[in-house]
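Given below, in the form of structure tokens, are the structures.
You will see subunit A twice below: alongside subunit B first, and alongside subunit C after that.
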Partner chain A sequence: MDPAPLRLCVIFFALAATVFQTSCRKERKVDIATREKILLLGNGGEPKALDPHLVSSVGDANILRSLLEGLTTFHPSDDTKHEPGVAERWEANDDFTEWKFFLRNNAKWSNGDPVTAHDFVYSYNRILHPEMAAPYASMLYFLKNGEAYNKEEITDFAEVGVKAVNDHLLVCTMERPTPFLPDVVKHTTWLPVHQPTIEKYGTMTEAFTDWQKPGNHVGNGSFQLTDWRINAHVKVRRNPHYWDAENVKPNGINFYPIPNSYTEEKAFRNGLLHYTYIIPSNMISRYREENDPSLRSETYAGVYFYRCNTNQKPTDNADFRRALAYAINQETIVKYVKMGGEQPAYGYTPPSEVGYKPPNVIGHDPEKAKAFLKKAGYESGEDVPEFTVLFNTTEEHKSIAVAIQDMWKKTLGIDVKIQNQEWKVFQQTLFDMKYDVGRAGWIGDYSDPTTFLGMWQTGDSNNYTGWSNEEYDRLLKESSFARNPEERYRILAEAESILLDELPILPIYWYTRVYLISPDVKNWHPLLLDNHPYKHIDLIPSGESGKEEG
Partner chain B sequence: MISEIHRHGQDIEKGSSLGRDAWLRLKKNYLAMASLWFFVAIVAVCYVLPLFPFVPDPNITHPDLQSQPAFTSATSMEGHDVFYLLGSDHLGRDIFARILYGGRVSLFVGFLATAVSLTIGVIYGAVSGYTGGRVDAVMMRFVDILYALPFMIIVIILTTYFGNNLWLLFVCIGAVEWLTMSRIVRGQVISLKNQEFVEAARSLGLSRWRIIFRHLIPNTVGPVIVYTTLTVPAVMRLEAILSFLGLGVQPPNASWGSLIKEGADRMASDPGLLVYPAIVFGLTLFSLNFLGDGLRDALDPKSSKD
Partner chain C sequence: METARFIASRFLQSVFALFCIVTITFFLARLAPGGPFLDEKAVPEHLLEKMNEKYGFDKPLVVQFGKYLVSLVRGDLGPSFGNKGYSVNEVIAQGLPVSLLLGVVGLGIALLIGIPIGVFAAAKQNTATDYTLMAVAMIGICLPTFVIAPLLGEWLAIRLGWFDVAFWEGSSAWVLGSITLGLYYSAYIARLTRGSMLDVLNQDFIRTARSKGAGPLKILFKHAFRGGITPVVAYLGPALAGLLGGSFVVETVFGLPGLGQHFIKAATNRDYWLINGTVTVFAVLIIVMNFLVDVVQAWLDPRTKSKG
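Right, the complex of A and B next:
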């Protein structure tokens, strides 16, 4: 070899070796973050808003949980329990129709203003106000006249069952007996907003104003908003005015919107995240084989299903929807497409420990499916008018949609189209009901079957299917007056069997939460509803994470 | 008499056309010839092979037979016997069949969008160049404006308005790709329009359109052909980028671009999903580029010495 290229080669390899060495020695982003006690979380899609009255997705609720605190708050290891939040203590009357919340004196907003009972009244007025058109207002229908006010049947908010007796006593009068109210008020929709801030940047009912921008945002949670860059990150840092500030363990949290699970998994592997929102199905088996302790798999109270638009052909026909439902092979999807240990959904409400026995009647049955298709008036699948399955852009949803598309083709001979939309656009399309069949997932908001069943009542703001059944509505109302829990669960099961007979929804599987989490993250306990109160989470460097991967 | 001339004619060296000269020159360029045959073979395989029954339906799923390696035969749980030449993807679809059908889409987009850009670009450029003056200035500034618009943003806006649609993709790509073509043709026409044959045509009283279409455009054919062979791969690459962003073909259908995207996501567990379509796509792009280079040298021997 000619000496000149040889020398070049030597220089090149020497350089390459140096670069390689320095890259090995370099501290990873998570290690720095662990030292500074900043939690780096993958958080699914870009948040729609940081306003508790406008959001309905899990990722948005995760961010709001750090920024705002409700009357009660989440327990670090048990989602059926609740911890005191802004309210120090609470009590109900004998039949659970009136609840008194005693607010602590030292609760403050992040600008130093005290949090009072009036703030809560203002917030509940805001979310229930018809002009606000809050997508999740139905969570406050527990309040007396809440529904009537939201649907413009009454116009005076004074008639709604929430009163501030003084600055530190909030009284909620319920529409029906609600023994689980302290569980409900943890939810995003029941969080307070700061009146002067809202009104500085717009009127009370104006949506998407500048109040939710960093610098303007005022919250009462353990953290305050410091930075929000679209499609890059949302950063929250310690709120010095928080009443329990000395017990808040992390100094801050960075939420990263990473809708592509493959990207997210790579980011985790390269030390950019402490925690992934999900994990791609093809990587689960690899992590299992390596016995990697970062992989966690937990029961999660949620159901994955398809909504059918019952206002238009062909999905307005119940027999046609039944044909679609029975042609889906849930076992195949769970076993070969999802692969995360999910349960095939034979019903709608996920199996839970509270004692509710949901009817399980759905399941793969090609003969039944074909019979229902005939009954719906279609000789073969080719006669069915064209329709589209809509899903938000992720690889998992696409794989499932493609698998179901092929099942419908094989079993029923129907050629459906599938289409994907970006998460924000997708939510709006669903809200406007401009779809035929749409992908959906529902995670329980509190530990009770009504969190799943309530949304299918006529005109519920999360219904989006146009489905309405008088008997179903009646049974749901009746259930809240039941004498004992067994009686109540029996009535709810009866309602659910109507839902599973009419099938405005096509159940697919019950969730299992599979995700990756760094061993540095402590106190991250498995939770049925996955609502982690961030203030308890600690970051302690574990020896193992120091070494470079690969 | 007549037979005499005829015999003479055979003795005289036969006149050689521009095309024949170019073809002879091209034949000597082995790389370009290999590329030509490779490209013809790819087109034939993508369009003809799926007509035979042994190539399976690219969209049929066998979820229990996912991620099979190449050369696997298996029986699915539904009792279908399947043979995977290049393995299967995460839903048990045949990668070989998907590459063939994806190739149909990619090549179709490539040719159709190129045809659109060719038609618009050549006519626009020739008219602009021949007319000259103020018309030329206005027409060329319009091209400059279109050049300045960011392509991706236009496509994203169009897809949100009209929905994802393969035809829209052709229109979008064609509408962007004609710009360079029109500039090239305009330059050629300007250099040709004062030559004697055009003057002659004009003095014979031919109409403007006849001069443009019969005399000028045929003389620009060299650069146009070269640029066309380079446009086809550019367009296929654009389609791949759009499919990569999820704006191109809609699932379950595939193009080479969308196959490569799916493969890139799963490359850690299933390298075949990325490697096979990437090889085919890469080789096709290479062959078209080599062919374009070869054609340029063949049609314009002076430029090859640069």
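Right, the complex of A and C next:
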């Protein structure tokens, strides 16, 4: 017999035996990681960048929060509170048009350089600089002349409302009163970058440079970047130069980009993750039935809604849009279609604890819907010109669209078409206003209702409904001059009432975050914006008794 | 001399094919609506213009194509918009070895399983054993990888704990990926082996060997095996190319950082340079495989040359 097949067999079994031996382990990865205090987090998709001036997605922000620290930072359990970051304290003048941030003396970059007010001025110049073409520069339009500088109407950055009086005093002059600035400065776009590092690998406004790579990256957060492999992981480890290093609980964090939620759930069950970014919605009920303590479901500052194109028939008619809104049974959608514990959106701005009371006026009311259809000039649904609901291709959006299609048919007798498009095609169609009704979602950038209401002002780049209302615009402007938060929230609620009366958008549900988390993870509290400050998070084997901090 | 001319002509054909692929990809990617800067949170018009200007997208398409070709010849595939801070060259340098590992090991597994099954089934032609094996192979061909992969993960990783179910770092999840790919291709190889073994077994020289008193095992391995395996060898090139291109599902299910994920994600992100880069790399691989197969076949069988 020829020895070749025999040899092959021997090799095969040797290989199989090796694999078997190396992969049989007694201790799960999470248990080892808990002992070593390394947090293993699922983080959705691959980060687009680790440069705070180039990114906007939630996953990117989750990583940047560990690497960089802003003037203020997130509180571990209360969205309405601000923890001191690089700034020890801050104060505003009477009308909130000027903010002073007093920077601590001991804030350091991960290479040991001190963090100064000049670093913030440099960073704000960088993101607002027209040559940088930073996609989310508009987050800094709160600064006086920020928009003008970004739009090249002025060219001297000295005219922009941010000054370093000395190394430790930063003064921000605002375009208009901004009582919630300490909240805004936590956002990724307001994080500082290290000038010598940026300029070592390129010019200030060069976007794709090597500064963000492990080994090159210099940050001022509680962790520093040690490893980044595309589609595999981003690893950060304790930053010894961080000003509060002694109070940083974890030794490091591994972020795993897992675009597939089934893979993520399996990785969790396999003991490879402490936390999943999401959970497939059809697996939620199984975890609920088993009363699995790792399943958590929390309110999240986000809203799912449909945009209406108000420039064309039939959605140009407010009564018609009202008919559509009142014909949607939101309870049915969250209970039988979405099934993730979401809340029906009775208004637009999601409920929060900041003190804002949004008007909750939307709800399922078939009679009202029919009356509005008549008022819009249609005797029956059959008279309505043909229109289409557009959504980007996913099963979830499709199920919701099908449910709404059925509700409109049953309540109003309208035969609406539904159509899906690939993500970027969908974006372009909406952007070009070539749609009738289009799916949308919005997640708050900061804890203030303006993060939701601002986009419906005339000409806002995220409006694209064609809707414009002078009174709405006026109220939003007026709100910033309000004397106290109560008055401000009252004015904003008045504005939202106009939005919910005119209904260029059809609210459907408010988001809930459903995820899995290991019982080893302590101090991971529900947060509306889901921005967890990692330094407070502790890892204690769940077998041992660990006390939760408040 | 003739062989040299044949190789030269095949080489020129390959270069021309590659040029066509690069051109078509470049323009097709640009035809799709949307662009790399379009996102859920809209970018203001003035910034969009600025970005297009910054990355040269405001120039006529032909000029952009010319520039792209020049940098391509220099070996520079441009920046990746979906992975800012990484060049397409770096993205491919990270992803390709993973895909190659998955593919090559997968192919190895496919051969180790497929060939013995094929030989065995041929030896037992038209018996219950033969039918059972071929039925199993048929099921293997029909079961897509996105069914096999999660099942393997559930059983071998979560239930038995032999492997990690996902991730790249020091883990064994890639072995599961290779097994998935291997199982799928082993079914093809088993059927291919069986067919060609039967062809050989029915030839005169086998009958001669048999009449000289050679035992069934000796007939099978000493006389028939080499001839029977030749079509499988010819199939290796296209199979490896298919394994590399088809690894997307396996990479997604097991969270592996191979090139397949970039191949799909680049298209959905309108990451223009990465689309062009990944297509070019896959095209080069496939063309090189086919070129090698052609050359080897020409060397084995001189008749191919005149046909080529």
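Throughout what follows, the second predicted complex is superposed on the first by the 342 of 550 C-alpha atoms of A that agree within 3 Å, B and C clash if a C-alpha of one lies under 4 Å from a C-alpha of the other, contacts with A are read in each partner's own complex, and residues count from 1 in each chain.
The criterion applied here is as follows: contacts are C-beta pairs under 8 Å (C-beta built on N, C-alpha and C of every residue); 3 or more make two chains touch, one makes a residue touch a chain.
Please read all numbers here as calculations on a predicted model, not as lab measurements.
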item: Contacts of A:L272 with subunit B and subunit C, given as first, second, both or neither; value: second
item: Partner chain in contact with A:Y262 - subunit B first, subunit C second, else both or neither; value: both
item: Touching partner for A:Q427 - first (subunit B), second (subunit C), both, neither; value: second
item: Which superposed partner A:Q419 touches (first subunit B, second subunit C, both, neither); value: first
item: In the superposition, subunit B vs subunit C on subunit A residues touched; value: C
item: Touching partner for A:Y464 - first (subunit B), second (subunit C), both, neither; value: second
item: Partner chain(s) touched by A:A134 [first = subunit B, second = subunit C, both, neither]; value: second
item: Overlap of subunit C and subunit B interfaces on subunit A (superposed complexes); value: 260, 262, 425
item: In the complex with subunit A, residue positions of subunit C that touch it; value: 32-35, 37-47, 50-51, 53-54, 79, 82-87, 91, 94-95, 112, 116, 150, 153-154, 157-158, 161-169, 172, 175, 217-218, 221-222, 225, 252-258, 261-262, 265, 268-270
item: Residue numbers on subunit A that touch subunit C, as the complex places them; value: 1-2, 5, 8, 12, 19-20, 22-25, 29, 46, 48-51, 54, 56, 130-131, 133-138, 150-152, 207-213, 229-233, 256, 258-260, 262-264, 266-267, 269-270, 272, 422-425, 427-429, 431, 441, 461-462, 464
item: Contact set on subunit A toward subunit B in their complex; value: 260, 262, 280-283, 285-286, 332-333, 335-337, 393, 395, 398-399, 401-403, 405-406, 410, 417-420, 425
item: Complex contacts: residues of subunit B adjacent to subunit A; value: 59-61, 63-64, 66-67, 78, 90-92, 160, 163-164, 246, 250-252, 262, 265-266, 268-270
